[in-house]
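Below are structures written as structure tokens.
Each of the next two complexes has chain A plus one more chain, namely chain B in the first and chain C in the second.
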Partner chain A sequence: MSKTEFPPSIKSRPVYGELEARSGSGHLMIADAEGAEAILDLAKSTDEDFWAKAHIIYIPKKTGTKYSSQLEELGAGQFYAGPSYEASQSRIRRALQDCHMGTQVYLTGTESLMGQAMAEATAAGIPHTAIQTEHRGSTARRMQCVHCKGITEDVTTDPFECSHCGLSLFVRDHYSRRLAAFQGVRVDAEDPGNIPEKVELFK
Partner chain B sequence: MSAGTAKLNVTVAEVKPINDLVTRFKFVRTGGGSLPTFSGGAHTVVEMQDGDITRLNAYSLMSNPADRGAYTISVRRDDQGRGGSKFMHTQVKEGMEMVISNPVNLFSLDLRAKKHLMLAGGIGITPFMAQMHQLSMMGGHFELHYSVRTASLGTYAKELTEHYPGRVHVYHDDQKEAIDLKTLLANQPLGTHVYVCGPKGMINWVHGTAEEMGWPREAVHSEEFLAPASGKPFEVKCAVSNKIVQVGEHQSLLEALEAAGIDAPYLCRGGACGQCETNVIGYDGKFLHYDHWLTDEQKAGGKHIMPCVSRFEGKTLVLDR
Partner chain C sequence: MTIQFNDETFYGDFTFKNSDWAIKRFPFPFHEDSYMYSVNMEPHKSYRPGSVFERTFDVDEHYVSEMKDRARVLANDPLRCQSLPHMTLAGWDLVELIMEAKAAEYPDLFELHKDGNRWRWINKPLGIDDTFTFLDESTLPYGPMEYITRQTQGDFAVLDQRDDNLWMDAGMVTTQADWSLDFDIGMNFFEWHAPVPKAHEMGIFVRALKFLLNIQQGQPARRLNWTMTVNPLLDTSPENYHKWGVMKQGLTMENIGEKQHLRVELQTFFRLPRSNALVFPIRCYLISFNDLVTVPKWARRLHRVIRDLPEELATYKGFIDNRPLMVEWLSQFDDGSPTSDGIWPDDD
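After this line comes the complex of A and B, so read on.
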């Protein structure tokens, strides 16, 4: 699956770029699912000594073993495949704790992965403008219910039901970098019970 | 004059020679009262009445930002300069009344940083002194690497080493000591910001090395005040005020505008802040851009000039002033 073009929106909505190999003392790459393709594309233009300094943290999600062996063959100094973002989080934190200024961070895959890893990397002290991102794969969203504050992952329809409080929520482009989530607001707040039909907006 | 920032009337409370080149000046508010607070890295523009000439030089505030009783600056005598530092060294005496600007900070700490790595060269130490006061009060994490020519010219090196044990590293040129920048930059934890103040070569060296090593641009900060360059005299037409102004050999365009009674904006007077940016209406000749503010395209475009440091050579220059 190739790069997604998102329509222009409000300022808070994140925009993504295209990964490029940059000079640095290390390369921390965090990817999920089809994000593997962006790393494999990047590998077409890297120097020999690039991968020895690289650390890939990969969460295959529904792609299973489709990309794992190709990623492993890149010969990164460290390669880790984890079952979920949550399972990989402690490794991401540890990797950030160990690296020094000059390390380049590359994030690719779903918005949920990039957003959460971005929050970790900025908390570790890297300016967000210095972190590279490239969207690949699913456009499903990580949503925060503004009422109960619960997070619902992989939202594909608008409206959708909050997986915590059950309210029907309207999917906004309003994004929180701190929470790495878009905001979901009760769709029938002014006219309770009047819930528009679900439309599948994200795949 | 309303340009620049609001002014402060101060009295010189102390003039203290520190070494062969550097003298420290302490200012208190004339008539008593406290001075505005500032943040580490701020400077003030000191007005000097040198005969018919009004000199305006920017100096970093080095005192504790929390101390509103007095400001101190340190001035390095530059015998090749245009005379501002010489005036400070020879004419300014205790008890003298002077006018200085409110503090302006173009070199502030990025308080999101987890660690502040400071690199000073020579008199570039002064803004860091205020910043170190500020960070010590906040419990901030900092480290200073200070390059000096000789121990006797190492302004405040001894005091700083004693005051901040383990955090201050002094390098003496005459003993062939130098900052090992590559090793230093390679070993900084994530979240470190680097700050450099010193000669132009040192600033370029730090920016260049940091970029090469993959440091984010946002984590590298520098300050260099340029002294306005001397050059051939030239004439400038001011379209708004309808005046023709002669710029002398040792005068900056900004100074010439001010001498002609034109209320031109400014803050740093050193090509750094962008406040004095002026639109060019027409010209026939070539610009000598010396500032750090305009982009290379803007410099080539011939539509803007920074009168505080840049000059012009040619037939006519018409400015929107």
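After this line comes the complex of A and C, so read on.
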């Protein structure tokens, strides 16, 4: 099962909902990995007309070909599978730029994918009322090191090592929508070298 | 009155020092012998001549050195000053607010001469004499918010007001109590306060926001906030926490009086006329424990407040490990006698 119940948290931490098919002039769907399951679930309550106006941008990550062919069979007007978020980014920007009034945007999968695509959608002027999100799959976090500003993707432990400056950072729940990242702060700042054992908090 | 400006540092050799004048006018934040969060707002009206509440923007003996420290921090990390594109007009509002207030209230230090939109600004302590066109960015060496806040003590958060909320969309932040503008820029009032424990559940932020949304032009408000800092560091940023965090170690009964500082923020709130933004200056005042205990009432009270502070607050404010030592040291100055209401020294 790809769904996770997140514990209650502080107010900067995003909360996610469940995707539902809405009427719209177009449907832009951006998903990674198990996010495919949310789209396939949504497809149970849609007709062919819906998919003719849809554009799916999908990044399978570690799921390989598990979902790609099922998504392709939905018959979206445009379907794209990309190797990474970075590789897909220019296409995502272009797709958002091409959105017309009334286009619905659906974001699903990891927090990293949803957060980055949300920042792009907001920057492109898509009203937040036209954007839905649903978390599926990994709970690994995209973290910004507050010291060197580098982003480390797919963080599963607390503490973790910054992939840029190498400091051991603890994982905060404080979240920046602009950066689409949680904040990481040096764990042994007050007592250098005293680094607690890593705990796997996210999968 | 002419202010003698100190030549001092807030890093490295830490030569920062308060004169007797600065100690006497220190904004001691505890009006009673205990502390809990409250929406402790009052009108920002001129009050008690000589106090930090007398002027719209207080200028004191640390002015010139604080501005040098700001320039140093910005050179090391330009991201401490940011303004989202829609906030430029609010920056001009701030230029006007500060220049008019300082020129009117400190005529021996600052002058503002207007010829239509052609303005001449003279800042004598910093040796600045600039002529520029109001609302024309190309006539200033920096953006308007950065220009004027490089010349004004305190951090500045400039908040856009929309959707019944306040958004941290611009700021100059080099003297902060451990929060990152670069991380928080673009957040709303509840989001940037998210890490504060307890206060959300107490309804503090809902009430504070309601108050702030209704601040009118010409009717600014103020409150005090506080924390603790080892060494007189203005820049206690999360960005540099991996450098200053270690300073919290090594306090002893012998050196705590000199090294431990009470850090008080005078927070003020002004509505800006053109942009309808809210500017939120956060002015930091530091005082060493040694200097603080020269006022007997403050010494007794600080001992009781720190001793009885809820553990969550001491943790959030970052001094839980040093609290036992602070309490032990301060207890020498508390004979148990009662303290009068209010923040002012008794001999005043």
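Definition applied: the second predicted complex is superposed on the first by the 201 of 203 C-alpha atoms of A that agree within 3 Å, B and C clash if a C-alpha of one lies under 4 Å from a C-alpha of the other, contacts with A are read in each partner's own complex, and residues count from 1 in each chain.
In this section, contacts are C-beta pairs under 8 Å (C-beta built on N, C-alpha and C of every residue); 3 or more make two chains touch, one makes a residue touch a chain.
What you see is a predicted model; the values in this text were computed from it and never measured.
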| item | value |
| --- | --- |
| Partner contacting more residues of chain A (chain B vs chain C) | C |
| Partner chain in contact with A:193 - chain B first, chain C second, else both or neither | neither |
| Which superposed partner A:178 touches (first chain B, second chain C, both, neither) | second |
| Which superposed partner A:125 touches (first chain B, second chain C, both, neither) | first |
| Touching partner for A:167 - first (chain B), second (chain C), both, neither | second |
| Touching partner for A:64 - first (chain B), second (chain C), both, neither | neither |
| Which of chain B and chain C A:146 touches, first, second, both or neither | second |
| Partner chain in contact with A:11 - chain B first, chain C second, else both or neither | second |
| Interfacial residue positions of chain C with respect to chain A in the complex | 79, 180, 182-187, 190-195, 200, 238-242, 245-246, 248-249, 321 |
| Interface residues, chain A side, partner chain C - complex | 10-13, 144, 146-147, 149, 167, 172-174, 176-179, 183, 185-186, 189-192 |
| Complex contact set, residues of chain A against chain B | 22-25, 96-97, 99-104, 124-127, 129-130 |
| Parts of chain B lying in touch with chain A, wherever the complex brings them together | 112-114, 185-192, 212-219 |
